[in-house]
Amino acid sequence: MSGGRPVQVRAEVLTLRPVGDYLSLTLVAPGVADDVRPGHFVALAVGGEQSSMLLRRSFSVYRATPGGRYGGTVEVVFAPHGAGTRWLAGVRPGDAVDVVGPLGRPFALPAASSGAASCLLVGGGYGAAPLVALAEQLRERRCRVDVVLGAASAGRLFGVTQVRRYASSVSVTTEDGSQGERGRVTDVLPDVMRRGGTQAVYACGPMGMLAAVTAAATRAGAVAQTAVEEAMACGIGVCMTCVLPVVGADGTTRMVRSCTEGPVFRGDRVRWADVGTVPEGTLGAPVAGGHR
Amino acid sequence: MSGGRPVQVRAEVLTLRPVGDYLSLTLVAPGVADDVRPGHFVALAVGGEQSSMLLRRSFSVYRATPGGRYGGTVEVVFAPHGAGTRWLAGVRPGDAVDVVGPLGRPFALPAASSGAASCLLVGGGYGAAPLVALAEQLRERRCRVDVVLGAASAGRLFGVTQVRRYASSVSVTTEDGSQGERGRVTDVLPDVMRRGGTQAVYACGPMGMLAAVTAAATRAGAVAQTAVEEAMACGIGVCMTCVLPVVGADGTTRMVRSCTEGPVFRGDRVRWADVGTVPEGTLGAPVAGGHR
Amino acid sequence: MTAPLASVDLPAPVLTASGCAAAGRELDPFLDLTELGAVVTKSIMLEPRSGRATPRMAETPSGMLNSIGLQGPGVASFLAHDLPWLRERGARAVVSVAGGSVDEYAALAERVGGEEGVTALEVNISCPNVESRGQVFACDPAAAASVLSAVRRRTPARVPVLAKLSPDVTDIVEVARACVDAGADGLSMINTLLGMVIDTDTLRPALAGVTGGLSGPAVRPVAVRCVWQVRAALPDVPILGMGGVRTGLDALQLVLAGADAVSVGTATFNDPSAPLRVQRELRQALAERGFARFTDAVGAAHHQLPRRRAEGVPA
Amino acid sequence: MTAPLASVDLPAPVLTASGCAAAGRELDPFLDLTELGAVVTKSIMLEPRSGRATPRMAETPSGMLNSIGLQGPGVASFLAHDLPWLRERGARAVVSVAGGSVDEYAALAERVGGEEGVTALEVNISCPNVESRGQVFACDPAAAASVLSAVRRRTPARVPVLAKLSPDVTDIVEVARACVDAGADGLSMINTLLGMVIDTDTLRPALAGVTGGLSGPAVRPVAVRCVWQVRAALPDVPILGMGGVRTGLDALQLVLAGADAVSVGTATFNDPSAPLRVQRELRQALAERGFARFTDAVGAAHHQLPRRRAEGVPA
């Protein structure tokens, strides 16, 4: 794990407000906020003390404010979806929410020594959440920052306004054309990359998008860092539910935990087409007559 | 079941306020309130949609107000105790609580034809809740109403003030002497019964108290009606968890459901000493070598 | 939404579960019993029976334990009072029968099977066999088979006989097969899991009966697995599925795993209208998923299973 | 709060559960591992192993299903990296071992049993026996016994060997007895229950492995029952209890039923500090109930059982 040692705190809900189709939840979570870097996530317990829902829900940190008036806050943006997020959508200021974080490996910033790189940030839906702080930090390092944000429809876009402060360009796509260009982020990527002379791509969104972004980056000679979203039971590396096939520096494919070794992976290391399988040749994969 | 056909409604919390060590919860529950008689109870679902607590919690109705500004309210008084009542202690005005009621057989009032009887009402702790409305209705029938209320300590007394309006006498006992006489309700019963010329006793409280009250009533030649409290899984008569041994008019002991045949039983019919057993001779009881 | 179950066509796929609806009457204020597939009665025995001492229940996470001990009025009272009420009400009755010996089951089948208004018999074999050191019939394929064969022989051919299986066995398919071979027309599964709660105040078992049966949403994954396994092994045997159903989507899981109809048990204690609500939700869920007929969904999760997915053992 | 478990004296009665704490390291930020009785490692196999495809988990009411497929780096990597870390950290290790054949188990015992820092072996026999059509060792008393006897023979006498039992059997006492007779010094119970969830959107099993292991508070009543039954039948055999423990009172239930120590598994996913919190809560619960020593509470629910309470069968 890179960044802060995770802590567990009983946080207090400061605000919960709608942002398009999403909800933005700000928690007073001292300790958690201190060491957050873009790409880190937090895991929230849901449903209260007598909840039938045992597993935490994971959310990328959108904004972390260490110290300050409340002694540290973290903000996440989420889509009310299943039972756990519906419960979260019902919390009220002052309610307690148990938080574990920061978790995972954040995005790697270009080495300061390597000079100002030209960076492209690509976000799908709420996947834009971790990119806003990332844009800010890249900007501080004097990197060029281009941003492409896409979603199914306008309500599911996030961060368009917030990211403008740090971006040289912001392109928006929606599948229904309700905002920006009609289409997908990948439709505009080649153009944006060419114009910006992109060297590094940072992406967060659905798996399919990450695969396509990685392909586009590779074609353009850029390196992609992708933040994946796999179902996680623990979020802290003890359960082995959140794995996906990733090729190591040694060329060997391993089933790798996305909670501790990820969620950010080099895009060209992830075997996107094989996610949901154990590809042949993976370290320890079943062989004919072998384990099941 | 006597009284109204039970209904199931999604009630809204109107108020929740502390009353001594208890909490008083008023629910807007149209339909439920219409037909409540003293001794009826309601069963509340606890913990919300994703609760791990499947079973409803039962509470005697303290006050029911059909119609009126809110289209019908019911009020219950409860002790925050285990997980379900702790959850109830955290509800806020406007929250939804699923209610089933009115349930059970209420107290039988003396037949109007038989003239005004002299009645004694005995309540232990929150067991006083159903007695207030009962006192009122007995008073309306011009019965003499004496009341004895007891609890472990002053904070666990309920209804002392409310019941005064309808009572010829109100005696109070606490085990720690923090209010009224130090001791138990049974210490003062013989006296009160003698002074009041008691013909009918109505009691609600812990099993031990009900047994003792029944014995005192029988000694004084009065008939006791007792509202028992057995753990109930369904509250509506389908599960058979809430039984206790009761002697029928035919002299046969049966395991009888306290939710539908009770919670009010003639005290002299309940085999108090055998509660928690299947006494020998009970209809269908195991015999040597028989069923287990 | 017709649901064929063995030789009968139920007008709807959701039923009550035995022991969770008494003989139906008490649910009448909360739902229209005639809209359900059928009312499955509390298991009936030959003689009146007191059941066990209290406490008979303990709440557990997303479930409960019960140890009722088959309290009931006996078959004579059932036939005199309960069955006629259901018949007059227009509800279909699946009568659950229970006994302590093969002869008792046989006698019950004889008394009940031919009565008007009996849509099917469900044979609760999760009972101790008094002739075999109290071993539970459902835990021994041979014992289960003798009960089913005795009941089948005594019951009119038009009345299907369902064997109600216990999940507390090493191999439920083996017991299922034994019951079917012995003549069962279908299988009900699952009965409760044997469980226990200790009261941490008294430091004693919470139930007077020490152990009890675990039911409710907590056990649903076990029920889905049992239905899946038996469906896979015996694809043509009708299954009445149950265990932890609280919503229409829960029922859909059992149906997709292979249940031809679904019973709702413990959820009724939480919501007395649950059986009918579940049926309504199930109908809507099927429509949303484009199933034209209920029967198209039965066992659908078995089809087109990606090849790399093989049934396995966890952890 | 010393907790004797077979021949070792654990300094505390709460442990992690296998597969729910990796090899300990990841929990280091959340709790002091040295305060626990021991860390029970994820089951180790001889060779590296990829485990199954995803999805590997599904949330269920008060529980979850998992189908990890024993992913791990193999024993060599474990001995090179994980065990030394635990040793340096000062934590005790109970090493869980798993194999597909008796020989694999034997080889693992040989490699692991004598290593410094190994407090005990826990033998996970809920694995398919590749030499017997994939039948799970834990479901067959004879197969379970051969594994335990092989492991016991290869392991230094000072290191206790615990057999980890599956609840998915008709008679857990029979399997327990077979393991003990084969040389097991103690028993761990329970492993997960075989379960299944169907995804009502895809209409397919939610897990890539189709079935999975059910764990969490939902299964606690089954765990308490298993511990109770085995304790009653084999009063002198040490038991490491687990299954659905989330609070100190849950742990106390297992202890009163007969567990000499308690593992906390799935609850750790909800609360990474759960094992230590449970231990703290358990200590307090024991004090409040007047137990001078932890061991006084072990099996206490068996004593002075009112006579009318006989172990029974539900419903």
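So that you can tell them apart, the chains are marked A, B, C and D in the order they are listed, and the count of residues begins at 1 in each.
We adopt the following convention: a contact is a pair of C-beta atoms (placed from the backbone, for glycine too) under 8 Å apart; a residue touches a chain by one contact, two chains touch by 3 or more.
Heads up on the chains, UniProt names are A, B = Dihydroorotate dehydrogenase electron transfer subunit; C, D = Dihydroorotate dehydrogenase.
Predicted, not measured: the structure shown is a model, and the values here were computed from it.
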More Cb-Cb contact pairs, comparing A-C against B-C, go to B-C
Chain-centre distance (mean CA atoms) for subunit A and subunit C, in whole Å, is 46
Dist(centroid_CA(subunit B), centroid_CA(subunit C)) in Å evaluates to 35
Chain centres from averaged Cα atoms put subunit A and subunit B apart, in whole Å, by 56
So, in whole Å, the Cα centroid of subunit C is separated from that of subunit D by 32
In subunit B, the residues touching two or more other chains are 52-53, 277, 292
Two or more other chains are touched by the subunit C residues 19, 52-53, 61-63, 66, 68-70, 128, 134, 208, 216-217, 308, 310, 312-313
Contact graph of the chains (line, ring, star, complete, other): complete
In the complex, subunit C touches subunit B at residues 19-22, 26-27, 29-30, 42, 47-57, 59, 61-64, 66, 68-72, 74, 100, 128, 130, 134, 208, 216-217, 266-273
Per the touch rule above, subunit C residues touching subunit A in the complex are 61-62, 217, 308, 310, 312-313
Seen from subunit D, its contact residues with subunit C in the complex are 19, 43, 52-53, 60-63, 65-70, 124, 126-128, 134, 136, 139, 168-171, 191-198, 200, 203-205, 208-214, 216-222, 224-225, 228, 244, 249, 252-253, 256-257, 285, 289, 300-301, 305-306, 308-315
Residue positions on subunit A within touch of subunit B in the complex are 47-53, 83-84, 87
Listed in rising order, the residues of subunit A that touch subunit D in the complex are 5-8, 45, 52-56, 98, 100, 230-231, 233-244, 254-255, 260, 275-278, 282-286, 289, 291-292
